[in-house]
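The following pair of complexes shares a single chain, subunit A, combined with subunit B in the former and subunit C in the latter.
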Partner chain A sequence: MIPMQKNGPVALLFHTLVVAFVLAPLVVICLVAFTPENTLSIPTTSFSLRWFREIFRHPDFVASFVNSLWLASLAATLSVAISVPAALAIDRYDFPGRNALNALFLSPLIIPHLVLGVAFLRLFALIGATGSFAWLVACHVVVITPYVLRLVMAAFTGLDRSAEQAAMTLGASHWTVFRRVTAPMILPGITGGWLLAFINSFDELTMSIFVTSPQTVTLPVRMYMYATESIDPMMAAVSALMIALTAAAMLVLDRAFGLDKILVGQK
Partner chain B sequence: MSFLTLEKLSKVYGDFAAARDIDLSVAKGEFVSLLGPSGCGKTTTLQMIAGLVEPTTGTIMLDGRDITRETPNKRGLGIVFQSYALFPHMTVAQNVAFGLEMRKVAKAERDERVATMLGLVHLGGFAERYPRQLSGGQRQRVAIARALVIQPPVLLLDEPLSNLDAKLREEMQFELRRIQQRVGTTTIMVTHDQAEALSISDRVVVMEQGRMTQVDAPYKLYENPATPFISTFVGKMNRLDGVWRKGAAEIAGIALPSEASGFVEGQAIALSVRPEKIALKPAGQGRLDGTIANRFFLGGSWLFTVETPAGAILVSAPNDGEEPAREGAKVALDWALASQRIEPLAQGAAA
Partner chain C sequence: MSVGRSAATPFWLAGPGALLFLGLIVLPLVLTVILSFHAYDHTTGIKNEFILAHYAAVFSDDYYLGIFWRTLRLAALTTLICAVIGAPEAYILSRMRDPWRSVFLLVIIGPLLVSVVVRAFGWSMLLGSTGLVNQSLQAFGFDSVRLLYTETAIVIALVHVMLPFMVIPVWTALQKLDPMVEAAAWSLGASHFTALRRVVLPQVSLGMLSGSLIVFGLSASAFAIPGLLGGRRLKMAATLVYDEYMHELNWPLGATIAIIVLAANLVIMLAYNRVVETRARKALG
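Right, the complex of A and B next:
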């Protein structure tokens, strides 16, 4: 182990500022969530849970939240299922159209979500497929796959191929090698990719505005629609809840597997 | 009776031949090293035997069976990779058991064989550790145990000691030989370290630029190198370029008598003699006079660089407990005629 170097006073100040810059908005929104007032204000005299109770008086919010959870889980899982074989093919084999395929998979990164949203809307109108949950999942798979593919490909590139060769010489078939050796070794890339995809899908607003129907409204879209009509501290309460849920999920993952192990690899 | 036979084995990439016409017969239980500098084709040859690289031409016979086109998982050979290639997510015991699991060996027998093998490589207490919790030498022994537990007909070692520090490398050389002799497995080792190849092999195959240039027992290789390259690559060698004149080798105007014959007057020749075959004598009492330029104490011996009219010459003398001649001292170099070799200098004549 390399011992950690100590920060100098300037570096320490700089790091403090960076951390403060990142955390300040989250702290403010969480404080606002507890306001007893009717406006977005930081509570000074007393705290109240009225805006949290307010959320549960809006069943459409709860439904959207559940909808978003399902959407993000499904989309992230599908994206992983596509990315692992795709990354394997792009990393290991030289075939015609290899670079084109790579570029195709990554292209959603450079196309603005607004453009994608309009394009999907037109496409669905043409083929008469508007409004279904399945198509919403498909759209999300398109926009989150670049992230998963990048992480999984990085995992493949960093893989010591000789471990696979060793397994093969010990008598394992191709499929057994993948299942017993390759997959566990790239697991950090896969889980990291899944998490990143989940978060991206859960957050996605711009494209979703165009492709959701009243039955499939996601949480960000619901919040956006609500916020365009009225600004009240319930938005802050929803945000605070989401922050708390994310933090809790991270905590559980860390306790269960260790975040280092999932996102960085074996320690 | 040959157990493993390579016949005219070649691997060609485009117009570059990584290995060309490799012919080798290995007897059962033999320890053969493939020795050469990087890029000489030794690893390619090993990978062809393992089935990881497909030969362009030639055949590989194992125990009378043609395995040239067999996939690596059907060959059943044991391989130790340079990076050890342990499975990082499995414990030592799981790593070693992997090959047995693939062979559908029952759990009870598997556990027993794994335990026996770990005992053989002195890792009995480490079964539940993960590779990352082991030192380099321990990982290496896990890799050997994993390769040997399947009782392979042939064990292939790819630079198995190159990632270890000098002291550990020496220990592991003997360890490797001990294990190999104990198990009796036919072994082929790839190495670029001549000392490693000489110390533990029954035979050494020297490779240069994709070709085999000499196959011999280590001491024969050392005493009778087939090419100038081998003479300098295997051990240290003094090579003095000169011409053949009046039945003697003439180096920089000095005539050095020789038993050799068959050279033409004026032909370019090279005289070579190993440092340990040269004795230091008082000035004027040897074949060549010189001045000690440097001396290095190596523990068991002293290594001198002696400046002579014929060029700088390395001399190795055993440490007899007394301090030998210092830098700047005038000495004479003497050696037996039988320990020098004279060869025609093909390149020199052409240049």
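Right, the complex of A and C next:
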């Protein structure tokens, strides 16, 4: 009989404190968002949705939210469009510069977003692209592609090649094999990569704050600017909405792939 | 094993992405390095003269050295606290049973996906002068303390944001550890503490090391946390770069500091790769 490996009371107390520490700011945000008061306070007697309604009286916040949704969807989609063929090339072919290419695609993980932000700003100032939405999308594609590439590569590596070979033997063309056999098998990796890329793009602040113009301000940048000026319960309402959105995406990711698998190794 | 028909196929497949990355990673970084050597004049702007003055200024001026010193100090403190909290937490998680194990793993690493602005804002509400922490202190009869816009606030929030990066590698290392080995140590008469120290700790120390390097690198270049919890006065490297760019408009000086941050970060990440490679070699051997 193996002795039971159980956590003692001290370990469980420690664990409770850590969980409380991790959840405290998120719980406080979600509570304060429902306050009926004018100040940041935890509602005690009644709950109110007035600060959620207040968001819609700030067209700049609504515009930034819509802008961020478009930006994240476009960037995640383009990133998948780049990552799938790139992963195919890196996984299936041996060619000169293969390792260098892999390192180039993963390099945004080791360059601080701050540095990427100032670097993009310099490039845009020189080519006259400051404030362009298309270039902002391109920046986000670069930042989120490593996450997509990793998940798509993992999907390719774990792939059983015999189905592809069978299709090939039966006379299917390369394109047909990819479309009818390979793509359905790597679809979970692609979906997971897209969602993770979407969240990362939607949350990105440090790089975006350097390259957004008043017309292309994203939601995190708007929130940061607002929070440095004033703190009121509306910020809590916006934050609570963002937490809800993230939690929904997280549950989907966890159900589909296991969040621990996706996040392990993520920067 | 190649399925391709010609040697050019991989280049067609990876080409578009490679071009985008060359144009948006390599080129802008090179331009920024060049920018950091440009002279700057407050009335005429960036000048076409090449000088080393910005690097000399950053490394000799007490103002900048003070900010670099604070950045290193707070990043090191954050790393230490993350290791002290994160490693035992990962160990406790690994000894739990499902469903608790998956639920709490999700609770600990899930916040990674919540925007850092949101988390920083949550802490600024908790630590403010009328925040929950001060309210509970007063309820217990203590004096209220000034927490917001102090280094303490920055470290608390940084630990909160960085904790998952410590838990994940330690957790991964623990997954590879056979629980029977620890049980074997007990049955051979080792105390729980000895088993922990002599059997478990050596296995997770590499995980802790790689976690520490990531936490340190990310903390030292963190922007939103010092920006929202340090206020205007308490600057760290990233907020200093932002101020040079957006308020002082001295881009060459901002570029200089950014390049220094990048260089320091690359050194840390190279060390991290060494650690991971060592671990991979050990796992194979």
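What we mean here is this: the second predicted complex is superposed on the first by the 219 of 267 C-alpha atoms of A that agree within 3 Å, B and C clash if a C-alpha of one lies under 4 Å from a C-alpha of the other, contacts with A are read in each partner's own complex, and residues count from 1 in each chain.
The rule is short, and it goes like this: contacts are C-beta pairs under 8 Å (C-beta built on N, C-alpha and C of every residue); 3 or more make two chains touch, one makes a residue touch a chain.
Since this is a predicted model, take the numbers as computed values, not measurements.
Peer 1: Between subunit B (first) and subunit C (second), which does A:203 come into contact with in this model arrangement: first, second, both, or neither?
Peer 2: In the superposition, A:203 contacts subunit C only.
Peer 1: More residues of subunit A are touched by which partner: subunit B or subunit C?
Peer 2: More residues of subunit A are touched by C.
Peer 1: Looking at A:103 after the superposition, I want to know if it touches subunit B, subunit C, both of them or none. Which is it: first, second, both, neither?
Peer 2: Touch status of A:103: no partner.
Peer 1: Given the touch rule stated above, what does A:160 touch, subunit B (first), subunit C (second), both, or neither?
Peer 2: Only subunit B; A:160 stays clear of subunit C.
Peer 1: Who does A:169 touch here: subunit B (first), subunit C (second), both, or neither?
Peer 2: In the superposition, A:169 contacts subunit B only.
Peer 1: Tell me which partner A:248 touches in the superposition: subunit B (first), subunit C (second), both or neither.
Peer 2: A:248 sits against neither subunit B nor subunit C.
Peer 1: Of the partners subunit B and subunit C, which touch A:184 in the superposed model: first, second, both, neither?
Peer 2: In the superposition, A:184 touches subunit B alone.
Peer 1: Scan A:129 for contacts with subunit B and subunit C and give back first, second, both or neither.
Peer 2: In the superposition, A:129 contacts neither subunit B nor subunit C.
Peer 1: On subunit A, what residues does subunit B touch that subunit C touches as well?
Peer 2: 168, 266-267
Peer 1: Show which residues of subunit A lie in contact with subunit C when the two form their complex.
Peer 2: Residues in contact with subunit C: 2-3, 5-7, 11-12, 14-15, 18-19, 21-26, 28-29, 32, 39-40, 42, 82-83, 85-86, 88-90, 92-95, 98, 101, 104-105, 107-108, 110-116, 118-123, 126, 138-139, 141-142, 145, 164, 168, 174, 199, 202-203, 205-206, 209-210, 220, 223-224, 227-228, 231, 235-236, 239, 242-243, 246-247, 249-250, 254, 259-260, 263-267.
Peer 1: Where on subunit A is subunit B touching in the complex?
Peer 2: 160, 162-163, 165-173, 176, 180-181, 184-185, 187, 266-267
Peer 1: Write out the stretch or stretches of subunit B touching subunit A in their complex.
Peer 2: That would be residues 50-52, 71-73, 75-79, 81-83, 85-89, 98-99, 102-103, 132, 146, 150 of subunit B.
Peer 1: Touching subunit A in the complex: which residues of subunit C?
Peer 2: On the subunit C side, the touching residues are 1-5, 7, 9-14, 16-18, 20-22, 24-29, 31-32, 35, 85, 88-89, 92-93, 95-96, 102, 104-126, 128, 130-132, 160, 163-165, 168, 171-172, 179-180, 182-183, 186-187, 214, 217-218, 221, 223-224, 227-228, 238, 241-242, 245, 251, 254-255, 258-259, 261-262, 265-266, 269.
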